[in-house]
């Protein structure tokens, strides 16, 4: 809008003598969460460069946790300061919104990231190599698996501590993504969190071939989709003459005050807006994992190192839905009658396809991937509600979902045999007999995924469906319950396998993890139960955070 | 020239790039096609920028270039490591995970 | 604020479940006693509830109401009417017997790892089910009810799938497969029903703006809440579907024979005598209370389905080769009677249906538990593997016969009272339905007596039956009180009817129905 | 005095409870306790009878209200007793004959290790039967009705180790249940018609009700009576019921329980009076059954089954009489009482014979027993004379009245019914003579039993013969005692009502005709069995004989149509349940699975095909968006 035009509109003022370049007005305090994380990420890069290898791990873990903790503190402070409600506004010269949804989602992302960092830092699962504790990541990602150089790296006790700065960068991008208030920021944030994730996918210690394949697929398809997104940005920009959300919204609504001739020309061309909007939508739906843009999900979830998968599944989804909400509620509410039917279709297909395809999966991680697709469909039902209840229900669902997901993937890291994680479902047979506690915890997560009452999954599903029904999308609710029923089948199948099958003699064992992973799982369980039994406080939070600043 | 023609060109380039992604096998070529798509976007942005008489589009184009560069860094790293492991840059070879 | 009696009644078994689960692996006998203790404490509390309940008082008594999830419009609202009291009492009464009967059902096998604690799990799950069932009977908030209606599936699921009958008919692996098939089938059927209901629950909130049963019924009665006819019908169907799966009503019944066949006898009792009652209870309380017009609209279809259930269930029971599946099909037939009584919309029908729920609980418990004792002795569920048991174990045979006679509703035993009330109530409004239902009387005699004849009479089948021990003290302790109750409530059902009658009148006024007048006013 | 009524039921009920729950400790004294309590019940009955005789004929109704049994809105069932002359008659018959048979059983069951339980069941039967006749409403009657069914089931199947006994018991219960269905529908009809089912209001209001309703109720009551009283078409169980110990056959399947149907019809007289169609159905059932039973009785070689056929036939008489309305009610009951005496006596005699003959039941293996069992011979003989209606004995009075009443029905109906009754009397004379001759006269045709023991017939112990003698007294004198001065008529008339019928021919003619028919029957039987040697194995016989042996193929019909048909039905339903009902659900699951299997193939692992999907998806997205706008 005007502020952005003022920053970039040098064209008009260049002729005047330059006496002073007005510095842009940045509310640093209000951007503190992001800034802290970005700062920590840069610091972490420096740590990689200067801190001796032996102590890097500890420094990195400390730095990451400390950064995320202080970022979370900043979020809480901002929220307490009323920035989520009364003082919500657009900061950073129109680039970033500081409002309820942004702060809520940032909080969720930071917490999810913190828990994920715990799982990143886990070093007790794999047997020690040459006396060095190892984590889930390759000793030296650049070396070819099985080569001499890799052996040497393992022997030297190298570890890829770069994952911590990468993760921090990704978190930084994710923090901006749902808060982005213009299309450019949106695009940049997308790339900032995507690129580190591509890399993180590629650095698994075990089964690196699959890890690299996942990275390549993720990268190529991600780049492909961001090209679409960018083209969409270009078209919308062409339509509205601006990339600022508010300005675009005004143009779409026709409430814009001053119309210059160029704008008048493009405004008349709705195709620009519709095609551009659809392309941007596609870019976001890709990140969300909605059908038919979901096909990367199973492969990437399966190939990536499991802690990364958990992080990606939880945090990316939160960030992407945040951006989607803002796009649809702030930029395109005027186009509601155009995008709602389309999104209906996407939601229905996503719910059903995710649930149906998951039925025949045989790999735990792929199963969870398809389940995440189905869940994306459920959340889309809430998005479609186009009401404040819709927003708050989506926020709540994301909170509930992200912790269950991280917890579930954390449990997956524990079940191991000689080849590393035993993700094939047949190996999980009888786990409940052998390790009742682990199996019980996983069962809790599965039940939450299935949306059984008294778990967070149910509260979330109920909130979303209720919002959808109140928003006039009753049919979506019906499709939702049908696909929930289908989905229940495969969650139950895993439980059957764990508890009712006899354990196999050569089955995997459950490794006792360090307190780090235990914390991650415990947090997951705690959130699952608390949000299932007494969700009111969090619903209140989400409810208060459901208004977008414009 | 009618600025709309630039847009047609951009769309054409974008489609060529997209088709390339769909058709070609070599990961590097694929990647180059993606770059082509990004540059098509740039063209469109610049054209619109000119049409609207503000600089936003052009600035975005700069950002796009930076992002593309970053993508190259990350992408090539991944593709090269894949190539070194598999001795092949064909994306079709990397299909361990399916169904 | 007074003592939250209803909460306590549900909380005691829940606490018991947690404590039982926490007992160390080696102390499993302690876990059993702990579970029994808590179930008895629950029984005591249920008795207090029954005593404190005043039949002539308010419709819902001992109410509690607290804010819970404001955003969903959900309150923690409890309250009992006579029907609820009766069913809570039944539940609390049966659980100690279930625990007693299953005393050794979950002892660990030697092959189990030392960390696997089946015994603790078994009893903890039973108590958990009890807690959830009781709170479903107490809930006057639709959402609260729904939560526990669904949640109880999970412990039930583990009870069915995790603790199968050790009397397998095939290889171990085959048995495990059948068992998990049964458990999954149970869960999926009920979950599917529950999810459909979820859509209706949400829909109800959208149209009514509240989950409070009392508020909605009051608003509907006062005419301040008007639900469009079609909406009401759809919502009714959503609710009814879930309850019909649970109850179970033909053709949604096929999970029950599998579940009851594969589960241990006490768990089978838990399913059919306790958990399934939530379905019929909910029809009476929620379907009729919330959607009176739609209920009347659906009555013809429901009645036909109920009649099919009665006859079909009984015929299939005749055709079974497996004792427990036979009892399961018999239960399907009986649930047909209950549903018939509910939807006949007469005082007699509904009182009868409520009594039927209680009495069917007692009679099936008696029959199934004795069948369980029998099966555990011989290690087979097939009827053909038995014969002449009464020679070796006359007391077992005798109690089995009494259970069977209760199942066929012999006059003098409790089920007769309820079955006859249902028949009379149905006949008064729908004579043809009443007559078709009486076919069930004949068929019930057929399957019960055929079962008794094939297992208990005739020449002794083989050595394992010749040496079969008679009922042990523990087993006798479980069965005798059930029989006493069956006879007691058959001869003197007044305490129960007194509690139930006012509640039924309320329901009748909910649906705005009056009993048909007799043709001739006889001189009294 | 009225408060004693409950004691009638309570005493045997207490006995049953104590004996069945008491365990082995009571094995030694159980039978005494059971007999004592039955006797106590009889004593109370006598006391009440004395009290009742002391009252005016119009004031003889005694009631006792214990408590409200099933109080439900608009539905009132009380646990209350209703003792009038009709009930009193039954009380005395049941408890009296019951006590005698208890005594008899002490000896008869001496060697059975489960004797205590037998007495428990007998006591249970007495309690249920007394409840049946004392109930003041139809629902409570129904309790007794099913209670006697249960006791009958337990006693028929008392020797459970015999598969035939177990099957017979089950069959009896099942067939009775069909009848019970009638009773319960009748009660439901009463409820919807009158709003109650207590005797007083229902019977009092019967004449205000439409005939259609009354007919429906009457037919349903008739169905119930058919089941319990073994009338065609529900008669098939009675023959098999002879699997039970003989005292059971005597008490339950001859003297008391099987007459409950007659009680029901007579008790519901007010309803039948208003429903001529139901009455017609009743007399038809009675007439058919009296011939059916008689024919079957002619062909049976099993002494108990022959007697069972006879029972069926005699009850047919009673039902016929009851169906005639007020003309016949009293005579139905009178025949019922006299039949109670002589048929119980005959059965006890048969039991005594079996007792002495290693439990052999085939009459072709008896012969010439009169010298070895004199007491049995005499008592049995008196019973025989009574049942065929030898002048002066009980049967003569009661049966003759029924035949007269049948003729008095008037018109063609009267002739047909009277003719049937007359014919029945002749056949009765034939088959009873046959039984008598085969058993006590002729040559010895004794055969060793399965274990090779040759029979050594001997007179039964005192505990068995005393009841037989007492019953023989009844057989001889009861009819005369009742008939002379119309004592019985005067006693019952206030309850059942009475209209005198006018037969188209004089009463004397009827009596004479009866005598002729009777003599013919005896003569033919003597000619066939007394004058010729009797083969030990039955000859093939005529078509009628073979049919009669097989119960006129009625059982075969049941077997083919009901049992086989039922088996096919259940089997096909099991199949349907498995493949169709379950199949739909499993099929849905399978098709979801199949769909899943097909859909997952789309995920082929090639990144470029994923890109195609994205590209296509985007195209659809754009197209849909544009289309939405266009529409």
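Order of writing sets the labels: A, B, C and D. Residues in every chain begin at 1.
Keep this in mind: a contact is a pair of C-beta atoms (placed from the backbone, for glycine too) under 8 Å apart; a residue touches a chain by one contact, two chains touch by 3 or more.
Note that the coordinates shown come from a computational prediction; the quantities given were computed from them, not determined experimentally.
Engineer: Which chain has its C-alpha centre farthest away from the C-alpha centre of chain A?
Structural biologist: Chain D.
Engineer: Pick out whichever of the two, A-B or B-D, is joined by more C-beta pairs in contact.
Structural biologist: Spelling it out, more C-beta pairs touch across A-B than across the other pair.
Engineer: Rounded to a whole Å, what is the gap between the Cα centroids of chain B and chain D?
Structural biologist: 96
Engineer: What whole-number Å value describes the gap between the mean CA coordinates of chain A and chain B?
Structural biologist: Using C-alpha averages as centres, the distance is 24 Å.
Engineer: Between chain C and chain D, tell me the centre distance in angstrom, where each centre is the average of that chain's C-alpha atoms.
Structural biologist: Computed from C-alpha means, the inter-chain centre distance equals 36 Å.
Engineer: Report, in whole Å, the distance between the mean C-alpha point of chain B and the mean C-alpha point of chain C.
Structural biologist: Measuring from centre to centre gives 65 Å for this pair.
Engineer: On chain D, where are the residues touching two or more other chains?
Structural biologist: Residues 589, 600, 603, 605, 607, 611 of chain D touch two or more partner chains.
Engineer: Listing for chain A: what residues touch at least two other chains?
Structural biologist: Within chain A, residues 216-217, 220, 224, 228, 298-299, 489 contact more than one other chain.
Engineer: What positions in chain C touch 2 or more of the other chains?
Structural biologist: 188
Engineer: Considering every pair of chains, which are in touch?
Structural biologist: The list of touching pairs comes to A-B, A-C, A-D, B-D, C-D.
Engineer: Within their complex, state which residues of chain A touch chain C.
Structural biologist: Touch list, chain A to chain C: 392, 433-436, 447, 450-454, 458-459, 461-463, 465-466, 469-470, 474, 477-478, 480-482, 484-485, 488-489, 492-493, 495-496, 499-502, 534-536, 539-540, 543.
Engineer: Would you tell me which residues of chain C are touching chain D in their complex?
Structural biologist: 188-189, 250-251, 253-254, 312, 315-316, 318-320, 346-348, 351-352, 388, 390-391, 398, 405, 410-412, 416-417, 420-421, 423-424, 427-428, 431, 434-435, 438-439, 441-442, 445-446, 449-450, 452-453, 456-460, 491-494, 497-498, 501, 504-505, 515-524
Engineer: Using the touch definition up top, name the residues of chain B that touch chain D in the complex.
Structural biologist: 18, 21-23, 25, 30, 91-92, 94-99
Engineer: Contact residues on chain B for chain A in the complex?
Structural biologist: Residues in contact with chain A: 7, 10, 14, 17-18, 21, 27, 30-31, 34, 37-38, 40-41, 44-45, 47-49, 51-57, 59-60, 63-64, 67, 70-71, 74-75, 77-79, 81-82, 84-86, 91, 94-98.
Engineer: In the complex formed with chain D, which residues of chain A make contact?
Structural biologist: By the definition above, chain A touches chain D via 216-217, 220-221, 224-225, 228, 270-271, 274-275, 277-279, 281-282, 286, 291-293, 295-296, 298-299, 337-339, 341-342, 345-346, 353, 356-361, 486, 489.
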